[in-house]
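Chain IDs A, B, C, D, E and F follow the sequence of writing; residue 1 opens each chain.
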């Protein structure tokens, strides 16, 4: 597997520091694990004992979430030092990705929370990397969806970018996607697009979800900026691209797997969105090993 | 697959109402999805339009998280009514599990958050049901671990119970589990157990993680209440059970899969803990369909 | 002044209930005014005394913020009833807009907070109405900016809509507006637009701020969705519209007043944004009168 | 306009650090503007680019809120340095009041929030300075009211002091002001004052609002510490001062403008309170210019 | 012990509903006791079991905090009903003061939190009642201090009032009390009083703490509204009253006990403040008995 | 009174840094005392004045809470330095336990909050020391209960440990204690213990409260890990120890005082729990003296 062009400065694009949502989930994760205190470490590890631990990646994949390890330990104990040893977003097999040093109790207390975050985000980044490689050079862009783990939206979308795919909208306030129910409520595609256009910020695009070529035509005529063709077969998508004729970019969505991507790319759609990038990526194995 | 004895009153054991952690993750999930508002629904759906939607389970498994659907909509709009149509924790294939009625905008705005929770918790409950069935009648109890999704600990442990398995400790404050690093820091198993015994609440048990029979002996002699045999083969576990000779219950842990459970059960250990119950359960497919 | 078509259902579009930011500013406002308690009312008004008060609009303008009066009193005392007597967003001169009934202490304690919100939001809605009327029938759309009162962004943008104008982006996460500093950092307009296009969600438009026709050309060529012509004179704007030639909509901004709007409209730009709508609208006089 | 004696140590009297309300509004302001991230800066400005920007005051007035600029950037990014270049509370025309240096993305992301606070607080400080100058040497003290922007009470009252006026009570818990409704509920001025005296802390004064000389007499007789003469004409105020005869200080209030202050001062009242200091001060123009 | 005139409407003066501090301590108390759930009740009490419990007062004293019982159960489970059976603030010996009915698990889960609050507040109310009776008819008013339990200030000051004493200032923002350190920093009593007078709200009184008659004279001359004579003997206080000669009310403070109150009353001081009312009142015994 | 073996490293076991509950009560305590600001210090102490103060212990006892003094001042003003001069948990009579240096206003503003915490926690630590000494060498362990001050649970239990006693469970989620009401609801001791055993974590012990020897037998037979003998006389306890015959440890509880401890120890029970350790310990006198 060859490296994709994810720059090491991606690291600096870590959303955590300024994001109140990252801060909130971090606090919640520490509270739920540590609660009233790590009774085992407090009872068995001398208060002045120090330790150095290594965070090991134990399977092939893209590491993601390293800056969070630093934030977790900073929140637990400012006396702990975290060194990040590989670039965030880099691919590796079995390797040490970070080193954690300081008071032994604190090093141990943060272990599970740190690993729980990193294994999940790295799982998503790895799945994203695989998807990005599957479409490399084809002109197709792979997007995520809003099918993310509750509370982890900002982090999981960061993992998708870290893996080399791109983000669809971040939430319901961040773009218009008119689906079947909106269309029915508004009285048709044309009415829905016009209502949206007359109300949303001029910086917001409008996408319409369709399942037929007739709906595609109506969406384009109504001025949609983007059309999502839902649950289309490969030949449906080909037909849709032909009918759109460059008037509007198309997004394919619905039940598409990694294996389908090359065929989807050949249809000529511009975007494909995969819920599985976030909801079914699985975890990548990591462990913190004290030395 | 036959029904396991998960009573319908499990429903009333939903931890959400009183749990500040459930309230926190619920609020966070709604904020991250809805942000400044659902611009699509506000623009295309008339304010006085009403809708009824059905929450469909679309694959075989145990439904879990239904009370959360009610809480999500209550937080969004008190005008929305949620009817739960099947018992929480029941097994089904393709079926309607809940109905949501009220202002159409609100019904649509809560869709993704509700489905994101239910699909994940039901995935865990289903995996737990499979594990519980695999050991039914054997005397082996399947436990979860602390390898849960950050922020969702309370909910995921509830899903494990709903599926028919049991919970290991909830957090670091909720039981003593002495691992290799603690042992080294304390100067041996005996010292570690004694230190713990002299400090923790009389209502807290002490478990020691071992990897050899010699360590097992030392743990038992030191007064451990429970011994975790880590990464043992089936024959290791058999030997450990023989050596423990009923003096202390044993827990098997480390890389055990669903397929291994019958063999593990035959070794005679009392508990087995599976990280995969929570970190690799996958999602169970659900969708909210407006009528 | 004739009524503009602001429907009475705008009322139902009140963002308060679901918005954590509205809830936060509401709580903050009550805390800062009431603190440890309304010592005057508690000392002088019998606990069982009841009162009815009227919220009077005392000058011509558009009332805005009435649903907030209901939320303020609900937060203070569920025993207080608030009746809204005129449509949110309606124009009036001297009139009663709401009635507040219940325990006299509570009616008095909420007075100042309620009036402080309504007078400010009504001031903005009134200024927006004047701007909307100034461009009625011309095809020019008046937008707000991010020059809002800290903490009141969601409410002030709601007041702008209530008055009949439209909202530009809600925050820095909600659209791309490339200004001079971004252009310099990116190495030119073309580089900046391409960098943005390659990263942001497909549902996000890209606007470029320019001050010359050459920059306008470059922005259009680079694929900007919208061009903001900053601080242009009327003739600059005319020239820009001619040069854009329909390839991209134009937004005028910078030092434009209500009196300038007809002339701006005649230039043919699509949007004009006015910081003064929010930062200099002034308050509309209201008072709560107990009967 | 000559400088009033606002010491540069006023700076150290900045209430922000210890005030949970200042911290709350600051957090709210950053969240509402930055939300999920500054997508424009993240997309167009290299992560390692640095910048220096100057905060320009662009019109004559009193600068106020500079310490907040420092707190805003500290919250955003500890790598940003803020230098305050003029004394908080000083009068100036066109000048640089602060310099902001550090990572370019962070410098740009904080711009709007910083300017939004400073322009509003400086507007209030400037209006307060004008009022303080209008009464300089007369013995009349100008006070603010509780007619402040919701959520900004502590900051706006600080701006009033920075401009050279003084604060009336901070909230309903911070002094007794008996108005018409309280008097009616208590059964008269005498009863109301006695009820208040018997309940409030010995460190709290009692003020009574009156509109006639008879009420003034009753308030004084009942033991009011201060009397507010509401909506009185200049001759009413003269009569009230004569009748009070030094037994109690008088406060004039109600519809008084800057232009009225010299005449009010000549009546001999001790205090005058102006709602317009906070609710109608307007903004003072500032901008952040990157170099 | 005869009843003092604490009206049953005191009940309605309960500060809880509107006070963010009461809400915060209530939430904190429930979280610290219930944490992740009441495992005993959940394991042993059927989900549909209902119970009725009585809150018994088991020693002579003034009951205080009953409205809090209602709020605690409302927060835990809206299905629980709480009836208050005696007036808040009434004196009793052994009696039932409230009844709690509803789901048995919830009734049991809230028991400890409810009793912990009521026993402490009733202890303070009872001590206050004893102090109030000791000075009844003497003209001396007993005040509390800021020596309260951290986090319970608002509640403990309410208990003091419920018992029949009065409150000194609620916090550092709520009145000026110039002590020795302030005097030294300001350069003398006169300078300190003048500095305070020139800055604080006209609704705030200024008290000066003195330990000699010379300081008393200076404080009065400087315009103090109130003088606290610290750690004075009975004869010191007599001398101070004589010297003050009615020019200013005096407060006695420092090491005064319940037994000293009659003698203090005879000195003619207006106020006496007792830290022991809150920090050493002890608890009054209560228990919740399920039937 | 001779020193008990409380190591000076107990200091490092301070729960504050990582505990969200300690942070919450600390913030609440500062907010309730300082509110909108320390008006006296701001008015009378120059902003650039510095001070050094000593925290004096004024009576014999165990000091507890010193790390909190540091946290309080860190929260107030990072410019303040706090030196801890004696070991946390050490016994002393009249002595200086800490020194506080920095801006005089901040030193003064934090005084009351710091002293309020330390006097209460030191009172509890001192009572615990007395209890620990009363049982030294006897094999009896003294435990606390959940009868703590609302909001201070974590801190008060820390004070109990600091004084040399041990903690019973921290909350309802942290151990099973089956009392009479649970037994009745479950249908007997045996049913209750079995229900609990089948549900709680294998790391949680089960304690049963009994009042007769027959119940004791049933609890032991049902598999209780621990038995609490409630309200037993000394001879009851002796009989219970004889009957338990080492099968299970016994805890004595209910109305036991310091004076009873030697007799209780002689009965041979393993644990005794004293509510009075926390709810009736009284305060130990401290004061902050500025130099």
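Basically, contacts are C-beta pairs under 8 Å (C-beta built on N, C-alpha and C of every residue); 3 or more make two chains touch, one makes a residue touch a chain.
Keep in mind the model is a prediction, meaning the values are calculated, not measured.
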Inset, instruction - Please name the chain that ends up farthest from chain E once chain centres are defined by their CA atoms averaged. - result: A
Inset, instruction - Find the chain most remote from chain F, comparing centres computed as mean CA coordinates. - result: C
Inset, instruction - Have a look at where chain C meets chain E and say same if over half of the interface residue numbers show up on both copies, different if under half do. - result: different
Legend entry - For chain D paired with chain F, centre-to-centre distance based on mean C-alpha positions, whole Å: 45
Inset, instruction - Please report how many Å separate the Cα centroid of chain C from that of chain F, as a whole number. - result: 53
Inset, instruction - Find the geometric centre of each of chain C and chain D from their Cα atoms only, then give the gap between the two centres in Å, rounded to an integer. - result: 23
Legend entry - Per-residue multi-chain contacts in chain C, two or more chains: 21, 31, 34-37, 42, 46, 109, 154, 170-171, 173-177, 199, 204
Inset, instruction - Could you please specify the touching residues of chain A with respect to chain C in the complex? - result: 141, 143, 166-170, 173-177, 199, 201-207, 225-226, 249, 251, 270-271
Legend entry - Contact footprint of chain A on chain D as seen in their complex: 27, 30-31, 34, 36-37, 42, 46-48, 76-77, 109
Inset, instruction - Could you pull out which chain D residues touch chain C in their complex? - result: 21, 24-26, 28-29, 31-46, 49, 51, 104, 108-109, 112-113, 115-117, 119-120, 146-154, 170-183, 185-186, 191-192, 195-196, 198-200, 204, 279-280, 282-283, 290
Inset, instruction - Please name which positions on chain E make contact with chain C in the complex. - result: 9, 11-13, 15, 17-21, 154, 170-171, 174
